[in-house]
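In this document, chain identifiers A, B, C, D and E correspond to the written order of the chains, with residue numbering beginning at 1 in each.
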Amino acid sequence: MGLHNGDKMMRYEEWSKLARKASKKSLWMVHFCTGCGAVEMPPVMTSRYDAERFGITSMATPRQADVLLITGYLTVKTLRRVIQVYEQMQSPKYVIAFGSCTINGGMYWDSYNTIKHLEKYIPVDLYIAGCMPRPEGIINAFIKLMKLIDEGKARGWEKYQKYYDRYKENQRRVFNFEIKEEQKEEKNEEH
Amino acid sequence: MLDIIFAELIVAAIITFFVREKLAAIIAFFMSLLPLLALLDWASNYGFAIINLGIESHMKIYLAGVTLHLAITPLSWFFALMILPLFPVIMLFSYSFFKENDGFFALMLLSLLATFGILLSRDMLSLFLFWEMMSWSSFLLVYRSKDRNAIMSYLIFSVFAAFAILFGIIILWHENSSLLLSDILNISGKPGFIAIASLITGFAVKAVIMPLHAWAPFVYSKCDESFVAFLAGGLSKLGYYGMFLFLFSLKGVDILQSYMTNVSWNYLLAVFGALSAFFATLIAILQDDLRKLLAYSSIGQLGYIAIGFGIGTPLAITGALFQAFNHAFFKAILFLTAGIVAYRTGKWKISELGGLAYKMPFTFMAALFAIFALAAIPITSGFAAKWLIYEAAIQQKYVFIAPIMLIAGVGAFLYSFRILYGVFLGENRHDNVEEAPKSMIAALFILVMPLMIFVVFPGYMLDLMKPALQAAGMESIAHTKFAIETSLAKYNSIAVLITLMVAMIPAFIIYKARKHRVTSFEDNYLAGEPYELHKPSMHAANNFYKPLKKVVLPYLEPGATHYFEKIYNGIKCASNAVRRVYTGYVQDYAIYVVLFLLFIVGWLIWI
Amino acid sequence: MDMIGMAIKIAILIAYAIIGTCVGLLFMGIGRKIIARVHNRVGPPFYQNFIDVAKLLSKKTNISHGWIFDLALLFSISGILLTLLFLPIGGAQLLSMDGDAFLVLYLLAIPALGFALGAGASGNPNAGVGVMRALVMMLSYELPFVITLIALMIYYDTTSLATIVKMQSIDGIKSWAITMPPFMIAAFAADMALQGMLMEQPFDIPVAPHEIASGPMVEFGGKYLGSLMLYKAIALVAETTLFVDLFLGGGVVMHSGVMAAIINFFVWLGLIFLLFVLSILIAASFPRFRIEQAFGFYWKYEAIIAAISLIWVYIMVIK
Amino acid sequence: MNLATLTLPCYITVAALLSIGLYGVISKRNLMKIFISLSIMETGVNLLLITIGYIPGGTAPIENANFAKYVDPLPQALVLTAIVIGLSVTALAIAVLISYYQKNGTLEYKEGMKW
Amino acid sequence: MVNHPVLLIAIPLLTAFIIPIFKKYGAAIAGGAIAFNMGYAIGMFSHIYSNGKIYETIAGFNPPVGIFLAIDALSALLALIINLFAFINFVAIGKESNYKFSMLYLLAIAGSTGIVITGDIFNMFVFFEITAVASYALIAGKKDKKALEGAIKYMVLGSIASSFILIGIALIYSQLKTLNIYDIAARIASMNANIKWASFAMLLTGIGVEAEIFPLNGWVPAAYQGASEGVASLLSFAPSKAAIYAIARLMLVVFPFHATYEIALWIGVVTLIIGELAAFMQEDVKRMLAYSSIGQMGLILVAFSLASQGLKYALMASLFLIVSHAASKSSLFLLSKSEKMYGMAGKYTGIVSVLSLIGMPPLAGFWGKWYLMLSAMDEKLWYVIILIFFAGIVETAYFARYLHRSIGKDGESSLRYKAAMAAMASFAIIFGLLPLLYKIASLPLWGG
């Protein structure tokens, strides 16, 4: 986007500020629930903790979602799906990694097939530590994310575009993944 | 002039029979413009104020010792405008459709001749002659399909229709001792009733009204689409032409009513129309063969015309004629589209097609427009027609027909979407498909034009049919260029269109405000599954309306075809019984001879 | 019509379009709140849907699947606005003199068909299935609805919504259609049909989020989803208004004067709100029908109820 | 014996011959017999013709001296023609039967045979 | 020059007996004779058409005693049709035939022509026998089992029939002492009623066997099936047409009574229905066509019976039906040589023939049905009309099936075969378009 002009820059900043305000109050998430952490989601959404009061709802498809919630343990096989989902989401998009498995492999740390550092493959905006984190923790994380968005610090999606080649390199190392032409285009277009 | 046109058409038919297909198409194209031009010339001689003028001019042709009376009337003028344009368009379409010349163009020219003759004939013999000529020329076109059901059902039903019409005609002839249409006035009571009823039955076969529709799905689904476009678009209208002629122009309604005054015979026609609209729509929804779907949809849409004729008020008839006009064009487009699809992919099963919209955008646009017209979306002229019929039904308080008709209209959305989604949208399954040849696209867009014109100016259509209605002694309904007004409500086309355009502005602003990126088909949400991995089938077109099918099918199961098959089997049994008479032993035959002799002697001497 | 009159009319139309949109979004938010309350939750703020739409329209990436996909956006908003403007709203006739109930019925199909086109163009099988369900649902609920519609039309001997509203407002509330026994029955059938039209809970299988990934909307995101939310909001207003126009005299309780216009407007607003709340409450308390069940429900029970009212009305009219 | 009384027995004979012929055609199970029955029928018909032409007391229609009363000559001419025809049919029939015999080995009716 | 109808009989008869002398050139000579006959028939027809009837006495005896030929436009037309189609048919099949075949063929033609043009009832019998004997031999000529079966059936029934005809003639002669048809007609009222009816019954039964009316037509399917294509084609246009014409003459000229009209009408209707129904389920093409022929003969009989009521339209109907049936059936029988149709020519031959039989305008069959309907309507025979419609639909059904089945690649056949087939079928078109038959019906006919 042509941001050379200062005025335009200003207007863009203002608009994006407004957009961030809207965005933080309406976090639609898609949760990737292959891990055991998914069991914590129903309490978050239902009457006990009621995440909807913050405008948080769960969405069925990544196209509609803003937040990708990865609920725990990832394997090589599921990572491919996570990346697919992440790439199908429409920016601005945020990733919340959930549980220790996403941080360091958790109790499966010594398995050959475990993804130990999610950070290496997609940009994670926020981690929730614990095995399991409680619903309060999740809501806490969302509130943290809202704050980050408001401050303009939740820029994982920009990072992904910026260091696309590096992420892809890391992904390819795990599975023989080839960079698709169109994603290159996406990167070029959005920078 | 007419005999020259007839002669030229016959000569052209003979020539096109022998030349190569491209040349044949060109000759056929120009020759098929001829009748239309003749009519226009005629119209211009009377000034184009033909709209306000009833023309009646006679022309005689001698054939096999019989005089044929031909003339152009307001009614035939209107129907000619509806049907005759289809021919050049179909010829244009067929320019690149056929790989070899196997008589298509010649037969189409003969059909054209017959159609022209039907529209112009002013006595019942010539009407019947041309009617049958059309029957056999179209039968020969059906014959090219080489499909057993199509050939048999078309011929049998055609002949049934012919006999019914013939029956009516000879009764009228016997009662009036004249074959001229203008003489059918002083007839009433039972013979008149039987005559008109059997004529209507005969025309109903070609007009595909429900119990007599059984041939249509076979024929429509097995023949060349370029021919079926004429069959569905033009030929069915000729059935309604006949109905209009005998019911309204010649006051057949009064003849019917004079027999039994306490029964509304019209209502019966309307009920049959409504039932065919309703059931055909339901059946169409469940079809998988594109051409069969279109066939049933044709039956359904033609049902509306029957309803209009059945209701019989000027309002309803205006609607019916309008619907007939629209149907001629949008169904021709749809069948030609099916032809293009088959031409490019060689497939008709909707579940095997998909994703053609981006490959052939112009075809898609034409088809989309035709489907809008079919579904009576108010941005095409299809709406005004159905609206008029609905109004008429409400005006007459036909509480049985109106809801059935309306729900059939809703059902039209379902099969419309089936075509759109199954054929044009969804998964892209054909990599090597190109846009259709230019001649085909041109043909489609020529057909789209009237639908576009008459949505903006529905009043013009009403002007066009006004002379025909006046000739039948009916008042045209109140209208301006843009608006039609009935006693119940008003429909203003321009208000709808302008508001739609204005309402497009916010939508367009939203559309333009944010950039979008066009992604490939493979980039689709599959619960995270990358498409390249398994390449799953992405087309949900197989058994599309399965839940509906589960509910509805048990009620549709013993269809009309079933009963016709029963009749067929009954004749089979009779045939087997009769064949038993021929035992094959000459001594039995000798006994027959002796018995016959005794029988005759007995009859003559003692009885 | 003179230029000023025209301009005023256009201004009114634009105003109603905006009002319709806002009211729709507001109602949706309130609806979410009510459902949350029924669930014993706090629920989002009532203005949540404005935020949602704003967020969706401000998304940076918007993924399209080609120009047919874009038709969904264009047709859904323009079509539903068109429909809204052809309804008499409160005391205002808007464009309802230029069309009638049949036109409205078919105009309602424009956005639906545009939406379906876009969904189909996405190439996602879930979208296809979703649209199929939506269309079958439409076929289902339209039967009782058109029967009641015809009952009304026959009774008032008009098809024009404006005229129906006018005839119902002759005597204030007492002349509303719903005060007559046959139309009470009809109103019940029509309300059930409305539930289907709004795709609220017992009949929300077309968009079943966890089964077919929200059905037709599966590939919609960003501005596309935003426009669909707007469409849904306006459709909510349009459909409830249609019901109000048919059975509740269009909310017209007073006749002339500025005061009357304001009162009528608020009566209308109240009535559609009541209707909406009713449908939300039904939605919150009933589980989802399967598509065959919904079809059977509408074509058996509802259609019979509607048919009874139609026959009743027919007998009344014939006498 | 009065020749006038001769016509009645003749008619009776005609009837008998015809009946026998027809009976034979209908009931016999051998093709040869059927054709023989047909010949018998023909004979009956020929006899009928002659009987019709017979005038009691008439002589043969040959021109001679006492040419007073003669039987109708035409039926006799007809009978001649009919006999020729009958002969030719019989001849042809026998030719066909021979051929048939060569094909089937029998002229008797057998199960499954059609004639 | 063209007013000696006896030549029509004499030439083929003489040629037939000359042929065995020139065995090698038999077919060629026969062809020449038939061609001459055709030409002569055409000439004679045009002569009669413009100048009126011809009477010819033979060997100097004057009627009612002498043999006598009476030809009006109608019988000239039938003679023309028989000879014309005989020629075309011979073109199609003559090349393969030997001298015996040619001889028999000539005899059959001579006999059929004789039946049509004779004015003497005994002559008619003789010609019947000539035709019949020739036909037996022609059918048996194929010498396979089916052919022999057909020949035997035909022979048995034909012999019975000839006996009956002869008895009928004898009965008439016993009363009226004359054999001249017009003489009989003039004095029929003076006959003893019982003998009159008995003779009519005998004649009807006898001729009915040849004219394929129900239930006398047991031989028809077997004979048509057994015979070769050319012979079947010949049978369909020569003897049967001559015989139906003979019945018509009996009814119209000799026995113009109401009772005979009713009998003929009902027999016609029954024959029509039975024939069409029996054809409906036939799998064998030739048998199907044979049954269909039966039905058509019934239709022609109905037309003639209505014509006996003095209805002009009925006469037209019968003419058109005869022409249509002769043209269509003979070409269809030729076509039945192979299972499938012969390319373009065969396809259109089949289609035109079928359409003419079904009654599609402007083919000859249509005019037949049209005028038949008009005349039946004049008599207010509703049930007959409806039955004819029903039979027409049944007919349509099996012909549609036939048309579908015979779609396929070219069979093997020579050009002349195809050309002959097409030429035969084309007469259905030609007579449908020309006002010829229409005009013949308004000429003075039948008179003595």
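Worth pointing out:
We take it that contacts are C-beta pairs under 8 Å (C-beta built on N, C-alpha and C of every residue); 3 or more make two chains touch, one makes a residue touch a chain.
Predicted model only: the values in this text are computed from it and were never measured.
Fewest steps needed to get from chain A to chain D, stepping only to touching chains, is 2.
Placing every chain at the mean of its C-alpha atoms, the farthest one from chain A is found to be D. Using mean Cα coordinates as chain centres, the one most removed from chain C is D.
Two chains share more touching C-beta pairs than any other pair, namely B-C. Work out the mean CA point of chain B and of chain C, and you get 36 Å between them. Chain centres here are Cα averages; for chain D and chain E they lie 28 Å apart.
Mean C-alpha position of chain C lies 77 Å from that of chain E.
Separating the centre of chain A from that of chain E, both taken as means of CA atoms, is a distance of 95 Å.
Counting partner chains per residue, chain C has residues 58-59, 61-63, 213, 218-219, 222 touching two or more of them.
Shared interface positions of chain A, i.e. residues touching 2 or more other chains, are given as 61, 63, 88.
Along chain D, residues 22, 25, 34, 114-115 each make contact with two or more other chains.
Of all possible chain pairs, those that touch are A-B, A-C, B-C, B-D, B-E, D-E. Residues 15, 18-19, 22-23, 25-26, 28, 46-47, 50, 52-55, 59-61, 63-64, 66, 88-92, 190 of chain A are the ones that touch chain C when the two sit in their complex. Residues of chain E touching chain D in their complex: 122, 126, 129, 132-133, 136-137, 140, 143-145, 148-149, 151-153, 155-156, 158-160, 162-163, 166-167, 169-170, 173-174, 177, 179, 222. Residues 13, 17, 57-59, 61-66, 68, 70, 73-79, 81-82, 85-86, 95, 97-103, 105-107, 109-110, 112-113, 116-117, 120-126, 128-129, 131-133, 135-136, 138-139, 142-143, 146-147, 149-150, 153-154, 157-160, 163, 213, 218-219, 222-223, 226-227, 230, 290-292, 295-296, 299, 310-311, 314, 317-318 of chain C are the ones touching chain B in the complex. Per the touch definition, chain D reaches chain E in the complex via residues 18, 21-22, 25, 31, 34-35, 38, 41-42, 44-45, 48-49, 52-53, 72, 74-75, 78, 81-82, 85, 88-89, 92-93, 95-97, 99-100, 103-104, 114-115. Residue ranges on chain B touching chain A, taken from their complex, read 517, 519-520, 523, 525, 527-530.
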